[in-house]
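Let me begin by presenting the structure, written as structure tokens, before commenting on it.
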Amino acid sequence: MLDHILSILIFFPALAGIFGLGVAKDSMRAYGTAVAFIEFALSLFLWFSFDPTVSGMQFMEELPLVPAFGINYILGVDGISLFIVVLAAFFTFIGIASLSDTKNIKNLIITLLFLQMTMVGVFLALDAIVFYLFWELSLVPMLYIIGAWGGPKRIYASVKFFLYTFTGSLVMLVGILFMAYFYYQATGVWSFAILDWYRLILPAEDLLTGDIWHMGNYQMWLFLAFFMGFAIKVPMFPFHTWLPYAHGQAPTIGSVILAAILLKMGTYALIRFLLPLFPDASVMFMFPIAILAIIMIIYTAMVAYAQEDVKQVVAYSSVSHMGVIVLGTFALNVEGISGSIFLMIGHGVVSGALFLLVGVIYDRRDTKMMKDFGGLAHVMPRYATIFGIMMMASVGLPLTINFVGEFLSLLGFYQQSHILTIFAGTAIIVGAIYMLSAYKKMFFGELTNEKNKNLPDLNKRELFALVPLVVVAIWLGIYPKPLLTPISNSVESVVQLMHDKATTDEAKRRIPSIAQEIIITKTSTKEMH
Amino acid sequence: MFEAIAFYLFAFLTIIMFYIAVTTSQALYALTALAAGMIFISAFFFILGADFLGAVQIVVYSGAVMALYAFGMMFFDTTRDLKEKKGNKYIVAGLSTLAAILVVIIFSAPIVGDNIKALYPVVEGAGNTQEIGLVLFTKYLVPFEVAAVMLLVAMIAGIVLAGKKMDASLTLMSEEEIQELEKEKNKEVLS
Amino acid sequence: MDIGLNHYLVLSTILFSIGLVGVMRRKNLLMLFLATEILLNSVNIAFVAISHYYGDLTGQMFAFFVIAIAASEVAVGLGLLIVWHKRHNNIDLDTMSSMRG
Amino acid sequence: MEIFLYTALFSPLLGSLFATLFAAKPKLLIAGIVPTLLLGVSFISSSVLLAHILSTGQVVHVEMMTWMEAGDLYIPFGFVVDQISVTMMMVVTLVSTVVHIYAIGYMDHDKSFNRFFAWLSAFVFSMLILVMSDNFAGLFIGWEGVGLCSWGLIGFWYYKESATWAANEAFIMNRIADLGMLVGIFLIYSNTGTLQYTEAFAALPSLDNETLTWMGIFLFIGAMGKSAQFPLHTWLADAMEGPTPVSALIHAATMVTAGVYLVIRANPLYDLIPQVGLFIASLGAFVAIFAASMALVNRDMKKIIAYSTLSQLGYMFAAAGLGAYWVALFHLMAHAFFKALLFLGAGNVMHAMDNELDPFKMGGLKKTMRGTFIMMTVASIALAGIFPLAGFFSKDLILEAAFVNHHYIIYSVLLFTAGLTAFYSFRLIALIFHGEQRYKIFGIHPHEAYKFMLVGMSPLLLLAIIAGSFKMPYYEMVTALLPATEYHVHSVAVYWAMTIGTQLLAASAILFAYKKYARNNIKVPDGSSAVEQTFVYKLLINQYYIPLIYEECLIKPYRTLSRVFWKEIDQKIIDASVDGIANRFYSTGEATRDMQSGNLSTMLKWMVAGLVVLLSLAVVFAFAASHPDDIKLLLSGLGVQ
Amino acid sequence: MLEPINISLESLNLTTLSPMIIPVIGALLILIIDIIKGGLDKTLYVMITILVLLLNIGAIVESVGVFTSDGTIMGVFDLVMVDGIAIIAQLIIVVVSLLFVPLALSHKRFHEFSYPEFFAIFLFMISGFEFMVTTDNLILIFVSLETASLALYTLIAMHNRDKSFEAAVKYFTLGALAAGFFSFGSMVFYALTGSIEINQISEVLAGNGYADIGFVLVGTAFLLAALGFKLSLVPFHAWAPDVYEGSSAAMAGYMSIVPRIAMFVVAMRMFEFLIHSGVVWLEVVLYIIIVLTMTIANIWALVQTDVKRMLAYSSISHTGFVMSAILIGTTQSNSALFIYWILFSFTNLGAFSMLWISRQKHLHKDQSSDHSFNKFSGMIQTSPTAAVIMALFMLSLAGLPPFAVFWGKIYMISSAVTGGYTVLAFIMALNSAIAGYYYLKLIVYMFMKEPEINKDGTAFVSNATLPLKTIIGFAVVGTIFSFIIVNPILEFVTALVYKSGY
């Protein structure tokens, strides 16, 4: 079982989705919950069997797919991907379990199960094409979820979501093919295996002038091509405008999965691809990207403050937080990258929970406009409490999950630039501004709206979904070690790899050496005839 | 000298005829001019020593093709004046003149025919028809057969399209109508 | 004043252009088909001329097949025109624009 | 001893969680009593720890578990009970126990009684973490934790717009400072590689002065926010929207002094950078007089006390900045006692007056509220620094420290402020308790608070009186950690002159206040009197227009800018350009689809046109290929390389 | 006098003709059967056609074996040239035809399938296409091209409704013009080299170092126009959407695949050597044409209101995409061309078959055309399986992994990258993004809108029968599980292409 647990994790939900076609409509939610639970249990089992002391890939699987072109089905998990996979399984479970009745619930659940397959696949794939396969495929179920169960402008939102990310990833695809070509040039063998690519050093400096900003710097171009794909997914400023629409129109479950998992694909890919493949270019673009990230943090936080729709507040807050994650990633040291990975988990939990919470009120009132609320704390104290906890987690209060990630990310980047970190640190101020004012508008004050007078508080089903999230948000805030240790173990090997691969002095200086031996698991590649 | 005179004469005539064929508003004139042009072309063939082709040209074009067109013309009743909405004349004139000039510019340069080896050289002493026959039934046997197939296709196509088979469109009829039609057909056969 | 290959080629080109004029300006389909015949015929002249000047029979072969093709085209073309004429009682191509965009 | 440490630390958390269980339920007395008892336990444990330290002088240090570990970073949950933190623990647990007892009575009729105790105990827990942590990260946890609880408690009456506004203001303003703190922490980590106090401080002397200066500045920015120093002071006055026990505990005795605690804790750092210390002292002195001046005319009982808190915090910073850390800590402790007492007394008055806050509408309350009257008067005397009460000893030391260090400007500012302090304190006392019973016009029937509340307050009363006598043992104890500088004026004559002079100043200010405000014909000011027309009065009553400036120059522009970002930039520029690119393709299609007219003749023309284009390109290329030199010449003539 | 000539039959390699002759014999058989006894059911003819095509496949497989052992075989006076690309193209032609024929067994009756002549002409057409790819002699190419084209015009017209006549007439007329171009182009090359066999042309041209570059370019221009017409490259594409719309959906699907692959092979033979000889003009012009074809067709596809017409434009765009293989001209790109087309044919034929099974004879009053977009709205609610399958095809056409077209796409873009055409690779990628929109549009209609016209959903499968469903099932399996067959196809195609010297 352990040999193929990753494949099982990926394909079990899809298979269950197909079998789900045979389940009666009324029982579909139970079926979905059961499947998602099994998947979650499997992911926990994976975590349990995972050896946290190993920094490399574990549970590797390999199967030839198109060996003549170097495409192989390679899976593996390390500290970087493990927890995102668990998170994906967790959120699908929570999401399906807390699903309120909608039309076509059967289709929705089957779609969700397929979505889960693609999400898990993205994080486990170690072959660029397989990665790209799941990456693109994940758009489809999401498109359907937004487009079929969304709000009034759902079609616009879903198509925009699809096309925008699709465009970006096509640019990335060209980058992938280029990278494979370079590998082919260097070794005479086609390979799309990421671990093979890790061993490829692309020169960055101009041989004659020693200049790195020159047209022949392939690292730079490839970096940009990959970055384009990832940046749209993250979404980086100024490519973020699809996100508010997608969130604004998506049904609750869609927003939850989108915010909690799908966005993480972008930042995960930054760490999996960009940094280790192009260390010199990463250093070259560190500051431009950091500035973008800072604009993202402050600008979107301000935009969030101006919103009238509470879901949009959460949506823009996601963008803002993703800025911190990107910043941490480009700290290029263990603290920063570990922090950003942890913040991915944290942001997943928190924003997922916030979207669930917004969904709760939307279910009751069919509106998300903050002006329709006010004083909800009177009638829905439990709701207000959980919302409050999650809000505080979102603004990064210590002892909540987000603080750990934010702290580490900023701390990491501080070692690269002091001034920029101070600007980025304003995240904790601007974040508090929009969150608190939104909370105030919704929960504080007198209960003025007649329709709100008799709102029921959270019911059991909702509590079932939300309480675990609260527990996780606080537990991991207090005791992040079980996650942080494997993460930083794996990150250390990434950083060391980057240091070893860096060709410019600047990059060698910026990327610290961990002074520990790293082992990249080598994969066998078939010869091209 | 004779060749030059003949060339220029026939060239002039062909151009005039074809020009009439494409510009006149009288369908009959056009057809007649075309037929005449075809015959003048066969004159070139004779000049150039391609007797067989000259004959074929006259037989096929003036005989078969023109007959078909004449038949078509009568069928379509286009003997009267053609009323054609004219598009932008300048586009037509401009495009064709340009095409002509461009090609002529290139063609005005002599072709370097250095290392051209005739694959099927004209054999002295044999008639053109014989030579043609030899090549046609050896080297070009396959195209010849394919041409036969093509003519067969054209024939079947002509029959199918112009014949009765296309009169009632099964595509546009509903199933009931088709069945009724079939019943009637059967009746006809029986009676 | 020898008549060279170029003379024939230029003549062929001129005739071809006349054919193009016909193809572009004719609105009556029958007349249009006539123009396409001109196109093929003009090429035939060139083929035969080249054949003559190179002393090679291939050109005549080509011309021969071109004639065959022209004949087949007429058959199919007229067939199509007849079908169309039966339905619409005209063969004006301006009436054929039910599909566009 | 560790067990006592854990007991002291976690019993408030236990109390808080207990109360949380009933948070959404109607009032339950037990939800108030249990946390109070647990706090008592915490207090007792703290006392045991104090005794332990006093007797053995040994620091108790535990490391509970790892918090964060990544790369070189290692942050544990570590707690230390040393001379400084045990002082703070005593202050915190004692005052909060008293406040808890008091609050059982004070919040008696509030429907969110249970929730109140949950928050209040949580606050104590956070505060204990803040003072007991053995590293900066732990400090930051407590730092933010108290901020959170302060938010929850200021906005406790969430249905009041002003309360929630004040809560958010406090939180956000604190966050601004927290950023400074965070940056300071980053600086420490990136330079010393650790966040543990002992290790970090040990590494400091090897660092260059500039780095240290920045560290000092950033940490102090953090302190400024929490201790409401100028220019981040406006939240404190607004925070008085919270229930009075909260004001007593958080916004007088404990939380606001966290900044002072930080400076004291980081004394090895500030010792190395006297220039920053001087800045802190100057700012402290400035805030002292600045806040006192605003207290002079204010007409809100709680705000007056809040300004006095602010002013006293200025004193503490002045002392800490001048290197007199133990003096600052001593004043912190003494201040906590009498200021909490003052607030709690004010709470009684408020209860009696149906939450009326304007002292001009009170008067003559000493008859009905005898106990409160005594307590508040004693607290005010202590605040004014009259011998032999607590304030005298601590405040006098600060003045001496300033004088001895030859910072005469700071000294004179602080001295003058002492006079102002005495004046406004007794202006308040006089207006509330003396003179006519002006409240009668408003139909209020005042009553004394519950007995047990008064009894509960009595420890504070006692301490406000006698705290000064702890000076020597206290000095002995804390100088184990803090620089043991004794501040003695070199000449005895000067010393006595100073002391007596100060006392006289304070006393005369008190008399003046009484003379002016204990009269019988005080009118409720209605904006008509001549004083109220003066510029100075307007300036002071409007808090130097600072809140207005913040509103106009920061909040409104922020709001407008946010809106512009959203509506104009996000939607009209960024999103519109994305959509524009997409629509460009679509509209191109729409505009050009007529080219596909469906007309056969047009199609034929297109084909011929395509051919002609190809041919023209062919001719151009052929020409270029056959005349390469001519082309080069032509291009060079056109300036093309 | 002429010498008598002696030719041994063995040297003629007559077996090379077998794949082309089999359909001709089959066609004649059908005609004979019809003469002997008329009025037989169409199923008979369908089955005969299938059998003939199966035999044909057998013959091709035979030649695969011969080719892999002996290399390129010239037959019948060196006129027939059986090389790797010819074999692959023949296989594609015949297999796709085989998939197409059962589509005649639709539930409703349509005019063309009721007549045995249809099947005869169809087989003649296949023979024509096969001849076209199996020679490098311009005469044979021309004659077989015309055979196939004339047959195709007839097949389109036999659908027997106004639009199909219109389509056939347009196609025919433009085709006649293109025939003119083709003959003129051949004439120029003949004038230039005295030969009409492509390998000799290339030898002669290389021999004199392209001295008459002007002539070469003129000839290439004409041939490019002629080939571009059949391939529907912009600006010679104008017929394609109208013809697709006018013919039946099944026929349109067939047309989008088979004539093009035949033409690709001709283009490959004709242009590849020119590109390799450094004819910059052709590179530039092809580059422009490819970019225009991809982009303009995509842009026009965006604004279509009819699915079939949209698919027509999309197939034009795909052609442009694939045409870049000839521009790039490496072994990898040429293999990519075939791989792409094989994978594309599954999907595209599947998509058109889906339209075919939803063919109505009578339009609803709100419906503007056979397959207008709004016909499909809300399809997921009424016939979910069909909707999912249709969406699958759309996603595959959009190039979403892991569906069939994706593999072709990456191999093609990769060949652009390795061939040094970086910008082209990006243009290809971005065009895929534009294309995403219109494929998505259909998905949006099917999945996200409420039913508008077909409230009961019967229309979606009204024309379906078991054979049609089987074909669609086949296409679905091919589309989804393409990742399994990609590797064998890749190895097979690359080996053959490489061995043919491309």
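Going by the order they are written in, the chains are A, B, C, D and E; count residues from 1 in each one.
We take it that contacts are C-beta pairs under 8 Å (C-beta built on N, C-alpha and C of every residue); 3 or more make two chains touch, one makes a residue touch a chain.
For clarity, every value in this text was computed on a predicted model and none was experimentally measured.
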Path length in the contact graph (chain A to chain C, fewest steps): 2
Set of chains whose contacts include both chain D and chain A: E
Nearest-to-centre chain - CA centroid comparison: A
Farthest chain relative to chain B (centres taken as mean CA coordinates): D
Chain separated most widely from chain E, comparing mean CA positions: D
Of C-D and B-E, whichever chain pair has more C-beta contact pairs: B-E
Rounded Å distance between chain A and chain B, as computed from the means of their C-alpha atoms: 68
Between chain A and chain E, centroid-to-centroid distance (C-alpha), Å: 43
Whole-Å gap between the CA centroids of chain B and chain C: 6
Chain D-chain E separation of Cα centroids, rounded to whole Å: 76
Numbers and ranges of chain B residues touching at least 2 other chains: 87, 91-92, 95-96, 99, 102-103, 105-107, 111, 113, 116, 118-119, 131, 139-140, 143, 147, 150, 153-154, 157, 159-161, 166
Junction residues of chain C, two or more chains touched: 5, 9, 16, 19-20, 23-27, 33, 54, 56, 58, 61, 65, 68-69, 72-73, 76, 79-81, 83, 93-94, 96, 98-101
Residues within chain E bordering two or more other chains: 139, 143, 146, 150, 153-154, 157, 169-170, 173, 177, 191, 194-195, 214, 217-218, 241-242, 303, 437
Every chain pair in contact, whichever chains are involved: A-D, A-E, B-C, B-D, B-E, C-D, C-E, D-E
Interfacial residue positions of chain E with respect to chain D in the complex: 169-170, 173-174, 177-178, 181, 213-214, 217-218, 220-222, 224-225, 228-229, 235-236, 238-239, 241-242, 280-281, 284-285, 296, 298-303, 434, 437
In the complex, chain D residues that touch chain E: 582, 585-586, 588-590, 592-593, 596, 598, 600, 602-604, 606-611, 613-615, 617-619, 621-623, 625-626
Residues of chain E touching chain C in the complex: 138-139, 142-143, 146, 150, 153-154, 157, 162-163, 165-170, 172-173, 176-177, 179-180, 183-184, 186-187, 190-191, 194-196, 241-242, 245-246, 303-305, 309
Contact set on chain A toward chain E in their complex: 64-69, 104, 107, 129, 132-133, 136-137, 139-140, 143-144, 147-148, 154-155, 158-159, 162-163, 166-167, 170-171, 173-174, 177-178, 180-181, 184, 529
Residues on chain D engaged by chain C in the complex (per definition of touch): 593-594, 596-601, 604-605, 608
